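Going by the order they are written in, the chains are A, B, C and D; count residues from 1 in each one.
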């Protein structure tokens, strides 16, 4: 693969986990719940995936268990945040603390630094999409990825439809934007908020699974390395709109891919490449809202 | 009524801890260890021995400050998540001052380091502050992302330009003795803790007794009202974020000069003092007294973890688990203002002789 | 108290207390801590003394102080953090001075000497490993193997033929002498082999990959393999796991460090550069039990002859090679080099003890 | 006519405060029932219980004679009871039709899980036509005027074809035109057989549309009368418990001094979308004069007030006060030179609902030494100050240490006025001072404004309540499309003439 197409391929590769978190997390965002536990949920997903992969080679089981565990975490979050009206930031931080703690407790117990499922060979999880792979330039970039990536890409479309074309999506947006309207019409805010959070959890599961299992067959504690927070940032930048938010996720993917692919030539300074996506995002945000408020004469928009 | 409220608040913070400890006990039993011994050591050696207590207070110092830094912004409705980054840059700069500026006068040396650290915090906070105030950019996103930017930059600086070449791992040179806080006797406690208390006290006073506090409350609860009644919201927002940045930078500098003495990639610990501070502040529901208590409680947990793996064969990870569970439970109120049952009571008696409260 | 002292040499073994303060990687790392911890535990079993393993959460300093204050006789400090121990911080006296009855052992550096080169504290021992030497062997081995790849590797592999390119990659955790020492030894080994065969090699490196993110490791390795490297030398903790799995993915080779990780991805890990901390552990504990610690030199260097540092016996990769004669020949050559190093006739640069690496001395390796 | 809705000893307690006390309300089928009462009397609470927005503490509700136990507003709607809240419950970013159908979306014929927005738009368009509203169902709600938004609320209920429609203060935010329109529509609905319960503070409206009136005071029903058998004065007396002057005695003979104190020249600004909303507005106010600005809501009055109260920046023009240029000064600066402001929205700009009474009582003068002892706040002084305001202005409170949210609209408004007057200003900007406030309070507030004028103060009065402007002002400027179309003297101008101006007719025709 030549450098350019490699960079683009890696862009997709690095975007995947963030993209999944974004598309899952934006439901909670729209429902007015700040879910900073994406990070923890993703880590849980990546842990369980490899952990189960050590017991069985049944991929279905591996996916299932990762999804289940994250669903449970999601439900806990939802119960505390929605039903118990707990402080979402505390809950989120707590989960982000708890998951790695439990993981390292188990690692400690097993007496290993990290989990490696030797039977996993990432190549076997990549597959080409019949038609797409033959598209001249796009083919090699979009094709030949693991399942998680395709789920992510499809989710962009799915999320858009669900959010704007189904009752669930509509109500989710309502309870976030004007809870009073929801209650005054007897829309059960709690139910929809819970589901919104749950979707985030499930997507994080796939994200984590992609990170640890599909890519490496390895789990190391803290391997999510803040991707969950990046996802939140992306969601906020995209105002929770699926396509926009996905684009922001893509920016990160691109910058990350650039950083790594160019570092071979750039040397140690390449360490600083990693900050490009963040600065880029902030710049975009600033320009965006600077444009939005260009004829703002109001002094009270805080 | 009032006393009742405080009782409930107390219960609301004690119950979760007990519950979490219970779960922890089960875990410890499960791996065939003795919970009582574990807890005995965990709390005994972190609160009820001089060495332990002083260790705990020592660790509480930075948390007090980061907690306060979070509180003043959160209460003003500003979701400032940048304390971690501001603390890091503060600590880093203080570290440079400590290592490269050789000021023989220990007092002066520390003063300069603090000044530089706080200033660094302020400058770094300036970005989200201005973006928020003049461009309406969501401060949460900006601060959240800038944390990573700062971590990356500092990692580069500490492993490149400012690296201690002798060292076998990434670290800046150790700061001069003149920049190190000397401990009280054999304890780890240093004058920095007193300093932290002092700063905290001043903030508390300003908050309770001056327009500073009024601004925070008003802007937090109704910015439009605040603007209409002449509080100059834009200015105030900038001011608050910068103050928060200053405190965070100050905390970082203190941590550098009283604990770390050099900038390493694990400068602010596993969870990060900034994030710890956010928890401390949230758990203390942003109230001064609450923050004091929760910061001490939280650092007791930390030193407790240390003792567990210092004196027992129980993996320290289990303490982290308990820690997480406690915080998880603390996030919700187990009891509402009037206990659940009293609520029902008042419903029943309601018709006749008014509610029970 | 109680029992009579055995031959006046220190207290009874059962009264002894040995502590290990692990480095950040923890006692279950890929080998550096683990090997020592397990040996200490085993010896504790055999000699019936108490061993305490500590993964410090509030600083090495606090851990050392606590153990010493608790009257531990021997404390291994695995972390690269000597300031408090040797020089003292925050106005406190050096820990070594505060607790003269405790013996401290530190690794990977010799901080215990002043400008004049005199030992500062009698009760502080420094352990150095000459991992530059096995690294040399690894580099030497790789070139030989790479040149013979056609004979050695059957299907399942996807090497870049020497006629296309001759490349090796190196991934280090941090840009420090402790890490670079691996790379330079490796380069020197490559150079000698390349010189013998009259070929030129390229050497790609990323020295700041950290020690924690295998995903990163795998991507970096990926870029190296894309640039025609047939081997990537991983000296970056668990980042290496990602590199091995990448090697397997693309059907090429990795070289690991610290413990014997050849089984990590059998057939795709060429060898591991061993750094066996259990050897020094045994030396010191035995001395402690025998009460002969003070007879040891305060600087303990473990070279290839000590068996504390070496490359693996290659038994794992051997199962995968096709042409056994060619393989035997290669092994013989490597053994010869091992002899030469052991006997001191071959000198490998060791940047960890302050020597400087001069690329000019390795004309056959182009360092990118 | 048969009874359609009936409550028996319906009671609501908030903590230890009884908002509704054994209410026995009877509503006949097909009538328009008006419910009046002072702020905080318990009207909204009662309605919220009928609609099951909040659960009753005790008591029963009978619908067509049968007792009903609703669990949620949804139940209420299904049983044909709909409510339009005083504070709208719309989703700003949603389109009109989406809001109307919220909760009863139309599923796609084939793919059941999708909603059929095509069909939805059609149905809503038809609905709008059927009831003769003028609305674009594809418009996004946040760009609509308050009046239009209210129509959506009503349509929301009509779509769910409720037989009983509850409206809580529907007119308090409407322009005169919109009010008339609404009242017509209510009659129309009644003609179509709907039963309507109408809460309002405006007795004129009560007399105009209602069939019967129920008066609530302090959470209890103190009277049920047929509209035909009563009059405004009587109702007013029932509500407040004393005689009320429905229009204050404005002694126009009080001569304003010739000295102009406040001058606005060509003031101009634009809104967020960049279109000019205040367009070269000029006027001047003399000492001892009330200058009224009349105009249909949404013709730039709000923006004008924001400009003059330091909440908005002018793109052009100047404002002079006592000779000095105060254009684009900030609120704090305006206050420091003796300008008092009664803002348009009491809960948005005037008060902070979640802050204590005393904290609100020092708003705007937080720097004043009156509340400090050696440099820092002295809570004793502050509390005394607050108590003074409460006593002097007879503000009805439940808990002194409680928050402002305990106050009813009227009392909340009183608190603002008390606070602003306390600073002894020379110039008062009063915007919609009596919106949503009961007549007792209205009388009081009007009196305050006049007294201030009579003490030689100057007042800028902005109100969409034409009668209010007419009765208080010494001069009236009429705003239309951001311009001041003309200035008239209330004494020799009729409401219709002003109405013409408000509708945009050019001045010449009037003078």
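Just so it is clear, a contact is a pair of C-beta atoms (placed from the backbone, for glycine too) under 8 Å apart; a residue touches a chain by one contact, two chains touch by 3 or more.
All values reported here derive from a predicted model rather than from experimental measurement.
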Compare the CA centroid of chain B with every other chain's and tell me the farthest one. D
Chain C to chain D: how many Å between their CA centres? 78
Once you find the CA centre of chain B and the CA centre of chain C, what distance in Å lies between them? 38
Please tell me the distance, in whole Å, between the geometric centres of chain A and chain C computed from their C-alpha atoms. 37
When the centre of a chain is set as the mean of its C-alpha atoms, what distance in Å lies between chain A and chain D? 46
Would you please write down the residue numbers of chain C that are in contact with two or more other chains? 175, 208
Find every residue in chain D that makes contact with two or more other chains and list them. 310-311, 330
Residue ranges of chain B touching at least 2 other chains are 159-160, 224, 227-228
Pairs of chains in contact here are A-B, A-C, A-D, B-C, B-D
Chain B-facing residues of chain D, complex: 11, 13, 15-16, 57-58, 309-311, 330-335, 341, 343, 348-355, 359, 363-364, 366-367, 376-377
Can you tell me which positions in chain C touch chain A when the two form their complex? 25-26, 28-30, 175, 204, 206-208, 212-216, 218-220, 223-224, 226-227, 238, 241-242, 245, 248-249, 264-266, 368
In the complex formed with chain A, which residues of chain B make contact? 31, 127, 131, 133, 135-138, 140-142, 144-146, 148-149, 152-153, 155-156, 159-160, 219, 223-224, 227-228, 233-234, 237, 271, 275, 278-279, 282-283, 315, 317-318, 320-321, 323-325, 327-328, 330-333
Under the stated contact criterion, what part of chain A meets chain C in this complex? 1, 6, 10, 13-14, 107-108, 111-114, 116, 118, 120-123, 211, 215-218, 220, 222-223, 225, 260-261, 263-264, 268, 271
Name, in rising order, each residue of chain D that touches chain A in their complex. 51, 53, 72-75, 77, 83, 85, 87, 89-94, 98-99, 102-103, 105, 107, 113-115, 117, 156, 269-274, 306, 310-315, 330
